[in-house]
Structures are given as structure tokens and as C-alpha cells.
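Scrolling down, you'll hit the structures one after another.
In what follows, chain A forms one complex with chain B and a second complex with chain C.
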Partner chain A sequence: MYNKKIRGPLVEGNKTLGQITKDVILPMDVRPGMWWFIAFGVSLLAALFGGYAIYMTVYKGIGTWGVNNSVGWGWEIVNFVWWIGIGHAGTAFSIFLLILRQKWRTSINRAAEAMTVFAVLSAALFPALHMGRVWLAFYIFPYPNTRGPLWVNFNSPLFWDFTAITAYLLISASFWYLGMLPDLATVRDRTTSKIRKALYGFFSLGWTGSSRHWIRYESLSFILGGIAAVLVVSVHSIVSTDFAVGVEPGWHTTIFPPFFVVGAIFSGFAMVMTLMVLIRKVYKLTNYITDNHMDAIARILIFISLIMGLAYLTEIFIAWYSGNEFEMFTFFRNRITGDYEFQFWGMIICNAFIPQLFWFRKVRRNWIWLLVVSLSINVGMWLERYNIVVTSLSKDFLPSNWVSYSPTIIDIGVFVGTIGLFACGVLLFMRYIPMMAISELKSVANIGSKKED
Partner chain B sequence: MNKRFKIGIFDDEEKFLSSIRSLKEQKLSIHDVFTPYPVHEVFHLLKRKSRLPTAAYFFGLAGIIATLAFLYYTSVLDWPIVYGGKPFNSFPSFIVVTIVITIFTVTIASLALFSARSKLFPGRDNTIFDPRATDDKFIIVVESDGVELSASDTAGDIMKQLGAVEVMEKEFGNVNE
Partner chain C sequence: MLYHDYLKANWEKVYFQFSKSSDFMNFWNQSLGNGVFNYTIPVGSPLKFHGEELSGAMKSVPVANENGYEVIISESVALGTGMHANNPWLMELPDPVSRQCWENVAAISPGDAQKLGIESGTLVKIAEGLILPAFIQPGQADGTISVALGYGHTGSGPVCNNIGVNLYPFAKLADGNRSYGFVTDKLENTHKNSQLALTQVHYLMEGRPIVRETGLSEYLNNPAAGNEQHSEFESTHKSLYPEIKYDGFHWGMAIDLNACIGCNSCVIACQAENNIPVVGKQEVINRRIMHWIKIDRYYSDSPDDPKVYFQPLACQHCDNAPCENVCPVSATNHSSEGLNQMAYNRCVGTKYCINNCPYKVRRFNWYRYTNNKEFDFNTASDLGKMVLNPDVTVRERGVVEKCSFCVQRIQEKKLQAKLENRTLKDNEIKTACMQACPAGAIVFGNLNDKNSMVSKLFDDPRRYHLLEELHTLPSTGYLTKVRNDEKLNT
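Then we have the complex of A and B:
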């Protein structure tokens, strides 16, 4: 199935099984470089700033944000959708590529799943804070209560959203952890430190690599992969219904669910690329995360970028074709021209034009270019969400409702805080958990040289 | 109770597999084999099967029925409210929650079943016959107790002949299945 002659080996450098274990565990065994402590310090500071912003939000209320009566959803919802989008990468990576039997996922899936978990955690903060009275957040659970019992509205996309995100967080975390079991056992069996042995022994749940374990492990991975694939598609579709069910011009369109799902996978893959470029550079893991891997992600990104471009064009075309003057106004006077033209054109350039650079092989194989393009996609996707959320709300049907929107320092603080939280999580992951799925790497190390391919 | 085992250690997948084949031909019972990654040939040779997918199907079915029943109870029987002129049992808009909760049920229940059946849970202390199995060695474990001495020796000889880097006999207490 995988043709080594055409696509190159999945693991370069003719590694033996023992070498793979050693190479992947090495970053956990040695003290990390100075860069790690600096990066962790900076992330921690960012997270503390976020902590302060959240404290102010809870203490004084959401009046500390830039939102107002017309623009009721500001940066927080923009950031929420952005983070959830990034959170689609891990599962998209591991699960779609798992059920499509794409073996090149093996070096990247662990890090992508880790990213998913931290990104979804960051995302989940925003809607909770947006409720205003965070301490009453549990009201959204449909539990028997003394108010009737009065149940939540099961027809509301906001409730669907809550269900989907909670389930997604728990499921992607379990999937990540399940994949980790054999590798935690590897760490347990290799370490000489007593504390580590006890700790990794506890978390590896007594894994031995027995054939009885492996067969159940494999069938469980496929079950979880198969059903979570449905969840990945549904989570962002549900997020899009938060908008599409509303009547605001620019929101009320049927294109939203597929448009959001594709956009989510786009930003997720871009974030995976950003992290992978850095990880393989810093830890010198180019034998495992090869140029071919980066090339493959880049090709997927061009494809998705073309879909995004088409979606933007479709939206504009339908606004004109519908003949609806509010839609026309939103797209032509408030996005393409007008107060928010910077965000609109930024989105078009970052998402539809810059990724086209990946048509060139030289760009796909140069790490600086990969970094620049993937970061610009992430900026572009943030602008897209800004564009959707803020433009439609700022100028709706009644000109007397029109206002402008700008974030306050608290808004910015919460956002910076979630970036810090995410970065802290990723850095701790690099330090304490095997960054690549060791057992899966071993199973593909010899592909192409044996009869099985 | 302590039990004795013959342990063969291999560093090559092919040699390891041919040893299993030959042990099977000689009708020697293999206690278990340990590998650093899943080797599908082993599942066929040792006839290992998993019924998790069947169980997952029933978890899914139970999840769907339970969720729909709960939604029907809360929205129709317990406290009916009209939302936007829709019927109380607005089935199409219940589908979303049903899908998500079903997926969630299947995941958690399958994980729990996996944990119970494989006996993998926090604090579990499964017998580690050789710690190199999680690194780069393939390991065959044959029970020495309860079989004739000659049979156990034959097993050792076969493994040695077919390229085991090491064959040893060891005693373990409290061996878990």
C-alpha cells in the first residue's frame, strides 16, 4: 500500500528498534536546554496575565470586556472558535489518517493529539467565562433540580455546543492516553529512577505488551477512531450552527457547517505544522519527522486552502445572487470595503493566497517558509472568525443599532492567557511524555523492506 | 504459588514468528507472547480474537435509546415547553445531542470494558517476564509447570534452534493471566 520507492522511507537512517526507543526517549532523559526554561517562563507569565484578566472578569463582570449591546460577542467568541478549530488537528490527524490507513501519521499523531487536548481546554474557558456568572455554569447540565425540575433547552445550538465540546475534550483526551499506554510502559521499563518507575508504572496501568493486550488495544483504537471521526465533523458543524441559526446578515447561511469544519482542519493542520517544524529542529528529530512528512502536510494545506477560497467566493456570490439588501450590505459595504476591510483582505490573503506558495517544492522543503506560511494561516483563520463574528453584529438591520467594536486590555489578557496555557501544556508534554508514538514508529520502521507492503 | 516458565527472547520478528509456528506444530502450549508493537501474524497464530467491536455496537445502541428516552421524558412528559412553535417531541433537533452522547457512551464504556478485560487499571502489577519486551525484543513464554520435563526442554531447544538470542527458565509468583 505504501510505496517506499516513490514516497521515501517513513523513518530515515535505518534505525533499529532499540535506537528508536532511545531517540524518542532521549529528550525526557536529559535536562532540557536553556531555551526550554525561557520558553516555559514566558508562557507561564502569559498564563498569569490571563489569570489576572480572568480574575477581573469574574470579580467585576463582563463589563470589563469590549462587548456592548450590539456586538454581544467579541474577542472571546472569536478566540473560542479559533481554539476549537486548532483543536481539530489532533483528531483529524490521528483519526482520519488512522481509518484511511495512512502510515505517515505515526511520527506526528502524538504531538497533534496533545495539541488538541490543550487547545480544547483553552477553548472551553471562553464560553464558561462568557456566561458572566461562572459559578452558576453548572446550570447547563440537564440535572434534576428544585426549579420544577426545569430542563435545559435541548433544541438550542448553544446546548448542543456544550455537549459536543465536553464530549470532544473527554474523548480526545482518552484517545491520546490510550495511545500513550505502550510508550509509558517503555519508559517504566527503561528508567533507573525509583520515582519515575512508580509514576510511569502507575500511569501505564500494568501494560506488558502481551498479545492479549495488543489485540484489544488495536480493536479499541479503531472503534474510538471510527466513532470520533464522526464527532470531529459534528463538533465544528455544531459550532457553526451557533451562528447559522441566528438571523444576522452574513450568518444565516447553509454553507456554514462544511465551511467551518474545513476551516477548522485548515487551522489545525497549520498549527501542527508550526509545532512540528520547531520540534524537529530543536530536538533534531529529522529522521523521524522527515521532509516527506512536512511535504505531505503542505500538500493537504494547499488543497484545503483552495476549498477555503472557494467558500469565500461562494459566500460573496450568494450574497449578490440572493438579492437581499442586508446580505449585500454586509458583504460588499462592511467586509470587502468599509470599516472591516483590513480584516477581510487579511483573511483572503493569509488563507487563500499565501498557502499557494506550497505549489513550489522548494517552499515545501524549507523550514523557514513552512513556519511563515503556517503562522500566516493561523493569523488568517483568526481574522476569518473576527470577520464573521464582529462585522455581522456591528451593523445589522437597524442603523440605530450600529456600533464599532474594539477589545479592552482584559479581552487581550484572556487571549494571551490561553496562548500561555497552551504553550505551557505543550512544553510540559515535550518534557514528560514520549513525543512520538514509539510502538507505532517501530511497526512502520521497516515498511518497504519487507513482504508486508 | 510460584510457577516456572521457559522464556525465549528474539530480536528478529521473522525468527520469532517461525518459532511460534514450530511450537504450535509440536503441540506445545504457549503461555503468551510479548512484542514491542502489534504483530498481526501472532493474532492469527495464537487465535487471539477481540469481541470489543460487538460490545461497542451494543453500547451504541443502548446510548441511542437511553438518550432519546431521556429527551422524550424531559421534553414531552416531565415539563413540556413550546419552543418556536415546534412540537414537544422535536425529533430532528434531538438528533445532534443523541449522536454526541452516543459517541460519548461508546467511548467510555468501551474503554471501561477494555480496562476490565485486559486487566489494565491504575496500580495494576502485571507480571513482566522480561522488561525488554517494551523496547526491542520479541518474547515467547512457555509454561514449564504441569508439563513433562522433556516437553519444556523441547520448547527451549526449538526456540534456540530457530534463532533466539537467549533462552532461560525463571520462576514467577502470582502470575496474572
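Then we have the complex of A and C:
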């Protein structure tokens, strides 16, 4: 059981239940500061740049990207895997911490789930755009048709991938939205604006807060949570099979599914930390997202960072131990040394070394440090995906096919665009949706302070 | 009329003497009517070898002093003298050795390059008005520079205009002879760079058994010399899946690395047969050349005196094809005759197959190459499109394509045999590359017929498969290169 004396209160400042509602809803009631409009403008510009890049890609062709005859997947797949990884955080937070009875998740899970939805949406753009003929993307749906019927190739990891991501997006979006119902109803009940009343009233699906509602709400949460828990593990395992099923050196490894899942949770938690540091700073929510919360995330990150380091070492060891010359070349002469050593060492330093700073209590409790380390983890995880996707393809079996890869402005544009899209989504979320699960916060507000706890 | 008179006079002077006719006009009209005049040169021709004059000729070849450079002007392998420079196929055909296309370059030796700090692509000034990108050519003698003719046109057509430098002004007339070479005392590094359109950027095999090679004496002792690994892989051949059986035909191809001279005829033949688009210099630089068959060139030994290897590489039509397994829409699949085939209409262009092909022989339509003014080579105009083969689909933007073993030719001959109520004969079906190969290095046929030429070549102990260790089970086999080193060494 949670011991407040040891781990501190989950909600600081002796808040009453009414105050909690007021504090959480405040950002929605007041006009946001200038910073919000500037941030939203910049994000929108980035998203528009992405829109232009996507237009060029679809109008002219994949030729506008940096990919070529040997490196068939480039930045777009790197970004896809990166975003999907980030998209793991919300569900991992909600489900795993729920299973592990970590009550401190309550103030963070709503934002983390929102992040998941926007990240998975950003991620889902890439595989679609990556198709040479995106207007025929529906070929990948296994639907009965008049062409034979001609089915999809059930052996292809890309098909599994499509299925897994669609399922994950649906489940995490429903989990997030249905979890919001009581809070949307709270907003509906408090607002004086007619438009808001109508909108939030519609989206709260007639929530009255009756016991019957609560029972159904709880059981639905458990069912969706149970499905989502499996999906957290399956999505990135399946994404990893895009590579692990391939024959390319550096791809064809059995370590990939767990390695990818852990990596995904790593980048997801780091992104949660980045956002939480910013949210508690700009909205002054330090009473709810306390230093102890940040401390807990930091501790998890150290642990995962050690797993990541171990995974990198295992990969390198197995490459050597297998005696396979292609694997050896990829790891030792195209990653550790060679054209892509910057990306490799960047990954090692960002993912395995810098998070070790969290061993120090002072680092865990300093928001600038938290921001720096969490951002560096996200950079490191991006580099990891770059290492996997690009280095393996650029120099594989036949040296006559060896080429180098560099992105074009359109590649960069699509990436910047998805960052813009993600940021727009998060900013709108901050403005129009209660950032924390009010009802859940209330349930833990006094936890650990009464005797029966 | 002037040229007509000149031609007539020449015929009267040169060929009329061999004619049986006594009247020249009669002979002229008859020859014109026939379109050809056959004649035999009488035996005992007065032509004979004059050794002493050879040294005279050698004397007129300019020789550079110690710090100077000899510039050798040679015909380009692709464009020849430049007569066909406006042909986009030839413009994009890489030189067999340098593997570079779309312009002429100054090939310099690795030693000279190091001395002057020149890299491939650095613009060098060789003479007044002659600035070319340098290309470091292993095997080029120090103190020499080779440049190809046939470039630098200004009014010959949209493809070749203003591409490369015209070398004819530098091939001066001396004593009534044209001298394809000159001496220069400078090779100036301008410290400016340009990008070369290279179709291969790595030269070494990195110790991998890609082109297997043996010496003549070893081969005579043991015909499997240099190919020891093949039997090793063959003996460990195992699969969890039931082996695929081909009841009718099983198409296969044997490529004799000993016969291949690297001329690139197969590349052009394939391009003509299969409507392969030309993509232009920038896209070649972006490593997106579309050729379905290419001739890889590797070097070994020292850069000053390298051994050179050629290896034609097209789709291997693997029986265990890694590309087929990963396509989400089954656009690439296996035929009952062992062909790895592409359904262009089904392809959505995920490029997963490109990545998972260990031979990297799949090509993607990065842009729309037809009816597109940005790729104004031969398929943007109605006239240019006359060159297209009506038997082969022109591919849309966004689909993957690759060697089909000329499936249209296979189908045509099968149909013909069926209509004539007979079985197919060996060698009746010739792929475009096989038909064009002057060295007979490429043989295509039915592997199920034990008497076919390709089956016999597959029984040769020299036969191996590329990347056998991956167990892709290719239908294309290579025959070890046997090098006659003894002769060279003595």
C-alpha cells in the first residue's frame, strides 16, 4: 500500500474536492496566455509545411524523397516507428501502472493517453504516404472482392502491422475518450456558455453520475484496459517484425520484438516527461503533478535505459558470435565505425548514458535537467530507428549496391509536419479537455493519510 | 547534287573495276537497284605490313615530359564517336569500367589524384577551354589522362545538347593525320566539385564470394576450383517447408562469368525490350537508375594494377524469394514455371520487396516517367513513344518492376508451339539479354529438360549461385571465372 510518509502525498496543498475540480478546469475557463497562441501558430505553420510536403509527395511521387534503389525506406519509416513508440506511453501508463497499482498515474494518464492518440495518428500517416500509389491503399484491407476474390498476403508483416496499428488506434482512442466522460460532464455542468454546454453535453453521452453509470463505466474501463494491455505489447512487437522477418543484416534478429517494445515504452515515457515538465510549468499544476511524480518517471527511465544498453550490447555480441560476415559488417563497420558512426554513438550516448544522470536525486528534481534528459532520450530513440532502417539497407549483401542516404527537404517537411500536427493536438487538448482525470484525482487526493490505508 | 556526284565518282573509281559490266551507268543503276554490290578482292593484295613505318608513326605520337600528362582521346563505349549521342538509352548507359554516364570525365590515375588532392568529381583544367570533372580510375597509368569523345553537342538534339565537353577540337590534324591525343603540362585542380552520375560507388567485393574465380592450372586440376563453397551449401540444403515442384517448365538462366566481356549490350537490349524508362542525370546521381539488368564491376589487388571482374546482375528468380513473402498485397508472386512475377496493377508501392531483396534488383517508379515533360527523353512525345514494345506494359508511377525473364517472349513462343502442335525446342525462347550477348555468356532455358543448354551449364562444376548462404534458391546460376594467369605472369 501507498505510504504517504515515505513517498509523499499524491496531491499536495490539502486540496478540497471542489478545489481539485476548479484547478483542473481552470485552463479551460480562462483565456490562455499569449504563449498558447504563439505555440499554436508555430505548430500550425509546421503542420502546413508538412501539408505542403505531403502534397508534393502525392502529386509528384516518392521521388521527392531521399530514398533510392537500395535504401527503399528512409526517414518516413524511421519517423513512423518513432511516433508509434511515443504512442506507447499513454496506454503503458494507464494500463501497466494500473495493473501494478501505482496510484500516482492518475494525474498523468489523461495527458499521456491524449499524447498516444496524436502520436499514433502522426505515425499512421507515414505508412500510407510511403505507398507509391496511396490512392490504392484500400488494397491492403482484407475485404471480399470481385477480383477472384483476391486476398491480401497474410504472410506479410506489413499486413500484420496495418492490423495492429488500426486496432491500437481504435482501442486507445476509445479508452481515452470513454475515460473522459465524467470529466466532460463536469465541464458541461459548470459552464455558462451555451455552445460549450451543447458540445460537452453531446460528447459526455448523457452522463449523470448515477451509480449505474459508474458501474458500467468501471467495467468498460477494465475491458478496454485488458485489451489495450495486450495491444501495447503486440503493436511494437509486430512493428519489429517488419524488420525481423526481413533478410537484411541487422534486421533479421529474434531480439527485435522485446527490444522494440521496451524501446517504445522508453521513448513514450520520455515524451510524457517532456510534456509533463512543460504542463506543470505553464499551468502551475505542481500540486497535482508533484516532484515525486517526476521522480517516479525518472526512476522508470533509468531502469529502461539499462535494458536498452543491455539490448545494444546483446545485438553487437550476437553479431560477432554468429560469425555471419554480413552481420559483422553491418554492426562493426557500418554502425560502430564507418559512415553512420555519428548516429550509432549518438544513440548509445542519448539512450544508455545520459539517462544515468537520473541516479542523482538533484537531477530528478530539477525541471531543466528533466527536460534535457527526456529530450535527449527522444533524439536517441530517433537515432536508434535511423540506425536500424538506414544502415542495414545502405550496405547489405552485394557491395555493388552500396549507397548512401540523405533526406530531402520534403522528407524533413513531412517530419516537421507531423511534429506540428502532434503539437497542435496537444495544445488543443490543453485548451479544451480537462488535462487530468478529475474523478480519479479525487479518489487519490487523500490516499495514504488515513489510518485504514 | 554535289554529294551525289561525289559518291558516283567514288564508286566509279573504287568499285567499278570489280564489276563485270562494262558500262558504269549500267553498273551504278544495277547496284542501286540491288541495294548491295558483292565483290571479291583478288587474292594477292598488294597490301603488306611495313614494320619500319610503324616506328615512324609512333614517333609522331606526342610524348609528355616528366611533369606533363598525355591526354588520350578515345571513343566512348556507349556513344562511340558521338553520332548517336541524342539517344537517351545510350546517354544513360554506364561505361563498363568506370560505371559512369551522362557526361565525359577525365580519367586520372590514383597516384596523380593523390598528388594533386583531386577526388572523383573535382573539376580539373587540362588545357585552355577544357575543364572536366575528374574520375579516379584504378589501373590508369600515372601521367596519363583519358577522355571520351562523343559529348559536348550544341545542336544535335534535346538529350545531348550541352552535356559534357566536345573533345574534337583537341584532336588536331598533324601531317594529314588526326591525332587522338595531345600533351599537356598541367592538370590543374580548380577546387570546384560536381556530382558524377555513377551507377556503382563501391568497388571491392569485401572478401565476399560474389564473383568466384580460379586460375587456369587450378581449373585443369579440379573443375570445381574456386567454387568449393557451392558443394558445402548444397550439402546443407534443408527446408522446413515442402520443396516446390515444377511439373512443366522451370525457367532458369546461366551466366558464364568467364565469357562476359562487360560490353553492356544486354543492358540496352533489355531496356529496348522491356520499355525501361530513362531517368536522367540527377536521378542517376540519386541512385535510381531503372535498368533491370546491370553489369557490376569489381576490382581486386592494387589500385595501380587492378584485376577487373564483371558480373551481370538481374532478378535471380529465387524459388525461395524473400520479396514474395513480404508484399502485403501479393503483387509479387511465384508462377508455376518458377518465375518471380510482378502484377503491376496490384502493386501499391510499399517498397518492402525492394528492401528485402538481397540482390537489390527491384526498381521503383519514383516519378511518372511517361508523358512527363520533366523526363523528356523518349516517352514524353508521341514520336518517342514509337520505340515502346507493345508486348510489354508501360509501368505507372509508384509501382515496383524488375526483370521478368522476358515473360512476353516465353508466352509468345509457348503459344506458337501450341498452335503448331509441338513441344518447345531448347533455345527457341531467347531473353533479350541472351539474344544480344555477343559472347554467349547468358543462356536461358528450361531446367526441367535435362538436355537443355542451361541444364548442361547447371551441371558444370563451375556453377554457383549468388549469396547461396541465404538459401534463396535462385534460378539464375553463375559459372566461375577462370583466369589465365600463367600466361600473364610469364
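The rule we apply is simple: the second predicted complex is superposed on the first by the 451 of 453 C-alpha atoms of A that agree within 3 Å, B and C clash if a C-alpha of one lies under 4 Å from a C-alpha of the other, contacts with A are read in each partner's own complex, and residues count from 1 in each chain.
We adopt the following convention: a residue touches a chain if its C-beta (ideal position, glycine included) is under 8 Å from a C-beta of that chain, and two chains touch if they have at least 3 such contacts.
Please read these numbers as outputs of a predicted model, since none were measured by experiment.
By the document's definition of touching, of the two partners only chain C reaches A:132; chain B does not. Looking at the shared chain after the overlay, A:440 reaches chain B, while chain C stays out of its contact range. By the document's definition of touching, of the two partners only chain C reaches A:398; chain B does not. Looking at the shared chain after the overlay, A:228 reaches chain B, while chain C stays out of its contact range. Touch criterion not met for A:15: it reaches neither chain B nor chain C. When the two structures are aligned on the shared chain, A:293 is found in touch with neither chain B nor chain C.
Once the two complexes are overlaid on the shared chain, A:325 sits against chain C while remaining clear of chain B. Once chain A of one complex is fitted onto chain A of the other, the partner contacts of A:246 are limited to chain C, with no touch recorded for chain B.
In the superposed model, A:67 lies in contact with chain C only, and not with chain B.
Counting contacts by the rule stated earlier, residues 150-151, 153, 155, 159 of chain A appear in both its interface with chain B and its interface with chain C. The touching residues of chain A, counted against chain B in their complex, run 16-18, 20-21, 142, 148-151, 153-155, 159-160, 163-164, 167, 170-171, 174, 178, 181-182, 185-186, 188-190, 202-203, 205-220, 222-224, 227-228, 230-231, 234, 238, 439-440, 442-443.
Residues 60-63, 66-70, 72-73, 127, 130-134, 136-137, 139-140, 150-153, 155-159, 162, 242, 245-248, 325, 329, 393, 395-404 of chain A are the ones touching chain C in the complex. Taken in their complex, chain B has these residues touching chain A: 11, 32-39, 42-43, 46, 48-50, 52-53, 56, 60, 70-71, 74-75, 78-79, 81, 83-84, 86, 90, 93-94, 96-97, 99-101, 103-104, 106-108, 110-111, 114-115, 117-129, 131-136.
Taken together, the chain C residues at the contact with chain A in this complex read 200-208, 210, 283, 286-289, 294, 296-298, 311, 313, 322, 325-330, 346-352, 354-356, 358-360, 362-368, 396-400, 466-467, 470, 472.
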